[in-house]
Amino acid sequence: MRVGVFICHCGSNIAGTVDVARVAAEARKIPGVAFATNYMYTCSEPGQDEIKAAIKRENLDRIVVAACSPRMHENTFRKTIQKAGLNKYFLEMANIREHIAWIGNDKELNTEKAIDAVSMAIAKVMQNKPLHATSFKINKRVLVIGGGVAGMQAALDCADGGLDVVLVEKSPAVGGIMARLDKTFPTIDCSICILGPKMVDVGQHEKIKLFAYSEIEEIKGYIGNYQIKIRKKATYVDWEKCTGCGLCMEKCPSKNSYDYFNFGVAPTKAINIPFPQAIPKKAKIDPNYCRQFLKGKCGVCAKICPTGAINYEMKDEIVTEEVGAIVVATGYGLLDQNILTEYGGTRYPDVISGIQYERLLNASGPTSGHIERPSDHTEPKTIVFVSCAGSRDKSIGVPYCSGFCCMYIAKQAILTKDHIPDSQSYVFYMDIRSPGKGYDEFTRRAQEEYGAQYIRGRVSKIYPKGKKMIVRGADTLLGTQVEIEADLVVLATAAIAAEGAAEMAEKLHISYDTFGFYVESHPKLRPVETNTSGVFLAGACQGPKDIPSSVGQGSAAAAKVLSLFSRDMLESDPAIAQVNTNACVGCLKCLKTCPFQAIVEDTLRSGKKVAKVIETVCAGCGVCTSTCPCGAIQLQHFTDNQLLSEVSAICQM
Amino acid sequence: MAEKKYAYYSGCSQETSSKEYDISLRAVMKALDVELVEPEGWSCCGSTPAHTVNHVLAAALAARNLALVEKMNMPVLTTPCPSCLTAFKEANHRMENDSFKKDVNSLLDNPYNGTVDAKSSLQIIYEDIGLETIASKVKYVFTELKVAPYYGCIMNRPPALAKFDDPENPIAMDKILSALGLNVCDFAFKTECCGAGYGYTKKDMMKELTYKVLDMARDAGANCIAVACPVCQMNLDLNQKEINKDRGSDFNMPVIYFTQLMGLAFGCSPKELAIKKLIVNPDKLLKNRMLKSETDKGQDKEKLKASA
Amino acid sequence: MDALNLTEKTDWTFIEQFKKESGDNPSLCYQCGNCTAGCPYTHYFDYPVSMIMRLLQTGQKETILNSKAIWLCATCETCTTRCPCEIDVAHVMDVLRHIARRENKVAEKGVKSFYDSFLKSVKLFSRMYEVGMIMIYMLRYGYMLSAAKLGMDIGPKFLTRGKLSFFPHELMGNAEVARIFKKYRKMEKERAKK
Amino acid sequence: MSDVGTKELRIVGFLCNWCSYGGADTAGVGRFKQPTDLRIIRVPCSGRVDPLFVVRALLTGADGVLVSGCHPRDCHYSEGNYYARRRLEMLRRLLQFMGIDEKRFHYTWVSASEGQKWQQVVTDFTKQVHELGPLHDKKEKAD
Amino acid sequence: MSTEKLKEIILKVLPDVDTVIGWQEGFDKIHITPFFMKSPEDAEKAVWNSLCVQNLAAYLPSLKKKTAVIVKGCDSRTIVQYMQEGLIDRSNVVIIGIPCTGVVSVKKVLKAVDYQPIEDVKFSDEKIIIKTSKGEKTLAIADVCPDKCKTCQYPTPIVYDHLAGDPIESTKPAESVYEDIKEFEKKSLEERRDYFKNEFDKCIRCYACRNACPMCVCQDSCIAETRDPHWITQKLSSEEKMMFHMIHAVHLAGRCVECGECERVCPMDIPVAKLKKKINSEMKELFDYVPGVNPEDKPPMYTFNVEEAKIKEHKL
């Protein structure tokens, strides 16, 4: 074995606090080391050429580079030695920059530590084995989970790029939160007018297979080859037959169903089409309110339906789709107002949430765009907006800023004045967060042109007195307590993770933070990737986002998928678990602990029962290796012997 | 043998200015078959004045009583007074810190180990006895009463310490009063401070706050207020005349302990509950009472009518 | 009015002393004003609670210790309950009172005297004995007139209902309770020496 | 670092590639100074850390062993650190039983962004091991 | 629980199975050995008494054909553990259970008679009478039983298809099981370290403990003897001996059924089971798990909870 060792100065980054020449000299003394040198910038082109030349000249078969973190340059040097004809797994790096040179000033101690680090790398590289990647075919279909604006954008971009798209939406229609908004900031253009065409495109695109009112049941497989089980929830209406004529909705006698689309602002029918522009425009029965389900008799819709689409016996259906990549665009949820007991929770009908107010403003909303108090249907004249209703509130577990509320409150204040010219809006705020293009100007307009009174301070209590709601807050700029006698109070409730976000993350094997938002691969450089290859993020499932950001991310995720699918084959990482069938005793404990179900039971020709690794599913965590009592299943590149050799390199008594 | 047994700390006010709270609570507990055992030689909990001086001193004054209960081998101490309750809970909480505990115990003759849980009598009645039992004991329903349930500021605060009910919209007393068959108003000022702490020193301040509470209760449609705090009771009850004089208002709203209302519903005599000690006379409101069995029948009749 | 020179006038020692003594961290406050918004006594304060927090953040020791606000706080815990930053604001006010007492800065003498009278009564009688306490308070505070008026207000209503007793309860003082106060004084003296 | 004093001791660290190794990198990038006793072995996941590696290290010369992985719920492989937590907790208790002070072994969770936490962990753990002194009588072993 | 009743069951079971594993007399009266019965004639030679110490369940994973096995309460935990780990096919095993009030430690008996050759052994209620050339010695079984019997919680097998006798309840308090561990923990760290060093230094690495262990499934693949992976060297040092015993203990974490076979077979009288028992006590504390008791349980090292109720993050 002829190991070559290259110690990098990294300019003065390493050489400043490590005696690199001495490290090289000590390395030379280690048996098996044929060549050791130090170099100014090993990662530079001449530096890499130096390695390649040394491999040829000195006939080296394994290489150790002591430089920066392998997380930085391992791939660089792997390619270098590969070009010189070595298997790329014959490289080890010793991290003498981040872990040594940068964290201590004592050159003597640093040098000793660097010598140890190099010794460990040498010990390990001598245990390394050549590994070879295998390649496999990619299934060039993509699954998009969530039909909000981010998901639709991703789906359309992928489909326009020629991919087959499977779009799964939990609710009966696509559109998400954006479909419920009245106007959008800062341009005050009608939300559904700009979203509608996209929704139609999604519904009609020949490359998009839309599963509305469906949920992800199970995800199996790996990048390039996922098997998805989709639960098509029972709608009790045969959508093949339903024409969306709306006759059923008109005649349905159950008038008090909860209206999910309108956030309960007004009731709807038990059989309903959620909104006029719905895609797909199909009816659906809510069995929690339908008389046929509750009392076993009614059947009005079945009688009236001209196409005979009603089917009370309908059951959930599971379908399977195969895809090669997944875009997650599951969106966000809103804090339950009930938690805010100092604001009355939901005790007082005239204290509503921002999204409910949005529906009151909306021309296609339950009040046809007339703003009225839920309690007595009168037109409110004094409206108080409360920002940060739950946001930036550690005490209820939402320490973060929801991001878009400042903007939509300004918008709602402006729209309020448009709807009711003799109204007065008050906005309680802590800070105005408006860092987008044209955003700050917009919040100024709300005050300068539309006369909204902005009050800097939180609201402490809201209570009814007579017909008014008393809003008691602080004006910290005046340094006093203030009270406003309001007709209507609008709470900008905090944006929180979507319902079921954690369960979805578990199915996808992606990480999520303590609030349930999904974690991207790198906060700056890999914003739409996840740590599970083949799974991408778009929109507010990653954190609260406004419309432009969500759309941007939808396109970004689509671009990632298209670039992934630009190849026909993918290479699998060979650093995965491998079973030594001679040593394996078939106890299958590894099968129990594998987080990826990558291990199955296999029977050899001899009849011996052993474990078998599905190469493309194994992610290389090594939990199996530390589970196996007889060392028969070894994670390649991190085998017991490789790690033990590192231990012995530094622990010698 | 009583079914349940608690160490009981009435608190100083209940010996003098708020005797009727103590008297009615004892009567109700007796009716509910709960035994209350007073620790012998109990002393003042320290209340607000002590903690404004020093927390070790405050905890020591409270812990002295908790230590007495600890010696009785009783796990729970109940007190009707929210101020005493807070003093005990604060002492327990702060004494989780070892060095603080050492300091406190160095002031005491008999050290306190922190094993006694303090609970308000309201909590005991709501959680341990339960609404079902309460409802089953009801004999009379007082049909005239429209009650605003008033908890006072520190009964459920701060939530981290109180660990009972909601700090903004508590419902324990509401539910108890409903279980008595009473008409309970939706009252927004359940936990607003009445200013009683400044009854002696800052009268104007106190009267302003008291006025707001009374005003909101009237606004909620109440003709009487049910209370769980002796200081609040005294404040709201005692000052109505003066407030009327200052503001030209006409409050004449009885302020009744929730325990008195329980006792009345259970069929205790007004004397047993020391109703006479209330300053605003509630007699007029209490005149109309119905046997519960009759109201039940009445309801049944109404139901019959409705179904017919 | 001159600008407040924060380089010179920020009392960092006071900030540190406060942090150490209270265990509370004033930096957690982001000045939302919720404490002020909920405080039932705000209108009587010379500085609203959120301002006290801000003064604390900037180390304005004299202003804080001479403020009436810290004495007028009744510890109703509304601020603590609603603080989104989980600051125990009522506790902050408590500790500021402790420091003010030690430094002999009491902007609301009446309130302090009331508390002292209460505790004196507890020390003497082991339980709070109202008549005794009021008498002590009257003597201490020296406002015989207003105090007598106070007695006249309450007295008749209470006496006719048997609510005031002129004699303390049967437990006339308790040696242990008195000892608590004695030991506490000693403890304080030793602390002061250190 | 000066507050650790005395001679260096041997501390072996097993760090998962995705979180803690990255955290140590972050600490380096931030120039967060640390004691120099620690030698780091990179593993893909804390779930890869067979408790026997720790035993092996402690038996053959290490004075302390540190294992650090992703925070629970943040494992790159979803579940690896959950297994690590059970195994390492078992080991910790076993070591103490065998007469090896449990303070010589520490397992913790440090994310890739927690450079400062990593500095704290290394500093505190090194200090803790130094307080216990060497585990092995090196002289005797030298022969 | 007479031998007759047992024989009756064996005869009944035999036609259905390939083998019935039981016990027979060994080379002398005090040594009983495992016995693989194939015919009714074999059955006649079957023996059951307090000297039937071997855990016969240990044979099961290696047998392919349908087998019946005779187990005591303690041995039955091995079967339950095999079921948890999927190491046997329950439908391929017939379990003949024997309620047992305690067996005899041969080592203790031999010591009590000064290692004289044994001429005869007799039993009379709860006593064992040993005849050597120096005369007869009567020993109470309770005085010469293995330690495991002193705190036995399962005198009746946990699983069985046939029971030779009436079930009996344990008379030993459950808290007593780990009392010896708690007692040992009262020693100082140094004392404990020295204790294990001295004990394990006696080890001659014969691997008898491992070979006898019913849960050591690795057989020839044991990492104490392989080069890949190369966990331990052949050096006869304290560290390597300690390493071997740690391997055994860690591999048995949450799996040791406390049958005591390792200690029974150790020629050097090393308390081999102590580490495993300690781990078991922690498994009980951390996960409320006892190995080999409930076939539905999952061994705690092969599963997890996202929130572990009893594992707190350690502060430095």
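Per-chain residue numbering starts at 1, and chain names A, B, C, D and E are given in the order in which the chains are listed.
The rule is short, and it goes like this: a contact is a pair of C-beta atoms (placed from the backbone, for glycine too) under 8 Å apart; a residue touches a chain by one contact, two chains touch by 3 or more.
No experiment lies behind these values; they were computed from the predicted model shown.
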Output for shared partners of subunit D and subunit E reads A
For subunit A and subunit B, what is the smallest step count along a path of chains that touch one another? 1
By CA centroid distance, what chain is farthest from subunit C? E
How many angstrom lie between the centres of subunit A and subunit E, each centre taken as the mean Cα position? 51
Whole-Å separation of chain centres (CA-atom averages), subunit B against subunit D: 55
Where the centres are mean C-alpha positions, what is the separation of subunit C from subunit D, in Å? 49
Could you check subunit D for residues that touch two or more other chains and list them? 51, 56, 60, 73, 79, 83, 87
Of all residues in subunit C, which are in touch with two or more distinct other chains? 43, 78
Expected list for subunit A, residues touching two or more other chains, is 342, 461, 593, 627, 640, 644, 653
Checked against the stated definition, the touching pairs are A-B, A-C, A-D, A-E, B-C, D-E
Touching residues (chain side subunit E, partner subunit D) in the complex: 181, 184-185, 189-196, 231, 239, 242-243, 246-247, 249-250, 253-254, 275, 278-279, 282-283, 286-287, 300-301, 304-306, 308, 311, 313-314, 316
Residue numbers on subunit B that touch subunit C, as the complex places them: 12-13, 15-19, 41-44, 46-57, 60-61, 64, 103, 106-109, 153-154, 157-159, 167-168, 191-193, 195, 197-198, 200-203, 205, 208-209, 238, 242, 276-277, 279
Can you tell me which positions in subunit A touch subunit E when the two form their complex? 580, 582-585, 587-589, 592-593, 627, 629-632, 634, 639-641, 644, 653
In their shared complex, at which residues does subunit C touch subunit A? 30-39, 42-43, 47-48, 50-51, 78, 82-86
Of all residues in subunit A, which touch subunit B in the complex? 341-342, 344-345, 347, 461, 463-466
